[in-house]
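Look at the two complexes coming up: subunit A is in both, with subunit B in one and subunit C in the other.
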Partner chain A sequence: MQADHLDGNALAGPLAEIFAADVSVAVSRCAACGLTGPVASLHVYDRAPGLVARCPGCEEVVLRLVRSPDAAWLDLRGAVTLRIPLGGAGPGAVASAGGEPGADR
Partner chain B sequence: MTTFTRGFRGRRRGEDDRLPPGQYLTEDFPVLSAGPTPHVPLDRWEFTIDTEAGQTHRWTWPELTALPYEEPAVDIHCVTSWSKLGTTWRGVSLDVLFEDVESTADYALVHSYGGYTTNLPLDDLLDGKAWIAYRYEGEDLTPSHGGPARLLVPHLYFWKSAKWVRGIRLLTEDWPGFWETAGYHNYGDPWREQRYADD
Partner chain C sequence: MTRWHVARLVKVRDENATARTLVFDVPGWPGHLAGQHVDVKLTAGDGYSARRSYSLAGPEGVELTVQRVPDGEVSPYLTLDMEPGDELELRGPVGGWFVWRPDGPAPVLLVAGGAGIVPLMAMIRARRAAGADTPFRLVYAVRSPERLCYADELLRPDPGVSVTLAYTRRVPEGHPRPPGRLTAADLGPYGEADCYVCGPTGFVEASAALLVGLGHDPARIRTERFGPTGD
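Take a look at the complex of A and B:
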């Protein structure tokens, strides 16, 4: 029997419609158990009326996304934070030569 | 949309009249789920109705299955656009379960093993419109389709027919459930095509 869920990479396409950055490479913290890990490691249930991404540790819902013909509904209350790697220095950031604090290492 | 069913099933009268707007017919039974399938041992299974006054009515598996049952044959309509006609079930009418429940609440919040919830007006559960179903097409309801028991409310989109049903909370104020808080319609009447919150 095939797995009943996908991994968090399945979120990349649908979320690309909403966010300028690639959220599937972000690190999320589960609001239920505190587990921190890449969004790509979430368990995504897509055979449903929307996408439901669950924590691989406790199976609580971290993120839900519903796409209607004219809107997206995004629920992130199961995530305390998302750490989203950004390449360029943001507004107000101190310019530094090489490797901004937010950059991927 | 024109839809054919296979000839060997025979042409059923009024089939087109039974398909709500925007739906297509399917012969199989797609499995939809927002999470892992809970496996609930029957000796630990229970179904409860909690009233707004704090009273709890409780049925174990032997108690539920000893109640008088009905065998409804109903059309079901999933918000993801498939409909399936003439499905047959066995279950206990909620009229039976509500016989001794005293309540003036207008709203029901259905909750399931695994954490799923869905809301609907209490009236939509009564008067022969809803069942706690535990058999499908002559077989025990499998876990993938919501067994041991699921709610069956066929006049609303099928997300209201909560799989792995565990209980109903009666509320004096409406409390939106899992999909109802994520963009889906609060009521979900397929004949009025109430799919999304703004429909």
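Take a look at the complex of A and C:
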């Protein structure tokens, strides 16, 4: 495993290609240890055929994303839940369809 | 769904010998929040393409500051070869987590390591553009004076914004702080604040740990890491 990792902020672009909401601000719950936190805080390893996001608490795989020329493969095996903020106040407002700056999805 | 935009370079500005700011014209750009980034895609004639993420440096328009990484695949082109009129593809704005909004009431502590200054500079500029009076404090760790970005702007007085420069390897003559890694003394004393930390992975881990040690609530520390090289 590479020693240096990125974080879930780096997933924002690749996931914006798939989802209408900004999944990087979603709160995920790790299937292995139960830790909850924003997807933006996951440890992301990108020296692989895709992106691998691991739990910052237990380093188990939470999410994997591989983009082939004509499809995206998304493996969410390590996330029990994703709480995705939709509209209103808070970080999710960026991802809402409310016309706020940044709502380009 | 976020689409790729065609961006045309309109202006460049050297920040120092190895970093350059690029200003792009992007028709249909929807606006963004300070701290957001874009994904840049460069495609070679043979179809090979490389993608990188770069933070937006200002509150308006598409302005990126890129640190050149020796032997990098993308940054040498952006910092040396790309000329006004040239185009590339970019996707964004993306990333709604590492953002600051001008209506945020809490004091803000910004901690930058090297090129990690870019999204934090966007926050300082957004504060100024909005006429906000939120107290800001920036602690900017940088290798040497030659590596400083936005030097003139940061040294100019900006009411409500305090700037601490922490040189890690070499200091300019007369600088009071000896060169060395960031310490708790640089980040303290503790004051209630929303913290934003951006830099290389090791820097972010170390700085976030120092902030927690000073008494900051981990839930109020937002971090953004870039890779071992940034390219």
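Of note:
Just so we're on the same page, the second predicted complex is superposed on the first by the 84 of 105 C-alpha atoms of A that agree within 3 Å, B and C clash if a C-alpha of one lies under 4 Å from a C-alpha of the other, contacts with A are read in each partner's own complex, and residues count from 1 in each chain.
Everything that follows uses one rule, which is that a residue touches a chain if its C-beta (ideal position, glycine included) is under 8 Å from a C-beta of that chain, and two chains touch if they have at least 3 such contacts.
Quick caveat: nothing in here was measured; it's all calculated off a predicted structure.
When the two complexes are overlaid on their common chain A, residue A:Cys58 makes contact with neither subunit B nor subunit C.
Contact with subunit C, but none with subunit B, is seen for A:Ser24 once the two complexes are overlaid on the shared chain. Within the superposed three-chain model, A:Cys33 lies out of touch with both subunit B and subunit C [touch as defined at top]. In the superposition on chain A, A:Asp4 makes contact with both subunit B and subunit C. In the superposition on chain A, contact of A:Val66 is made with subunit B only, not with subunit C. Of the two partner chains, subunit C is the only one that A:Ser41 touches; subunit B does not reach it.
After superposition on the shared chain, subunit A has more residues touched by C, the comparison being subunit B against subunit C. Within the superposed three-chain model, A:Ala16 lies in touch with subunit C and out of touch with subunit B [touch as defined at top]. Looking at subunit A, you'll find residues 4-5 touch subunit B in one structure and subunit C in the other.
Those residues of subunit A that touch subunit C in the complex are listed here as 2-10, 12-14, 16-20, 22, 24-25, 38-41, 46, 91-95, 101-105. Residues of subunit B touching subunit A in their complex: 30-37, 79-80, 115, 159, 179, 181-184, 195-198. Residue ranges of subunit C in contact with subunit A, taken from their complex: 1-3, 30-33, 36-39, 53, 91-99, 200-202, 222-228. On the subunit A side of its complex with subunit B, the touching residues are 4-5, 43, 45, 47-50, 52, 54, 59-61, 64, 66, 68-71, 73, 75.
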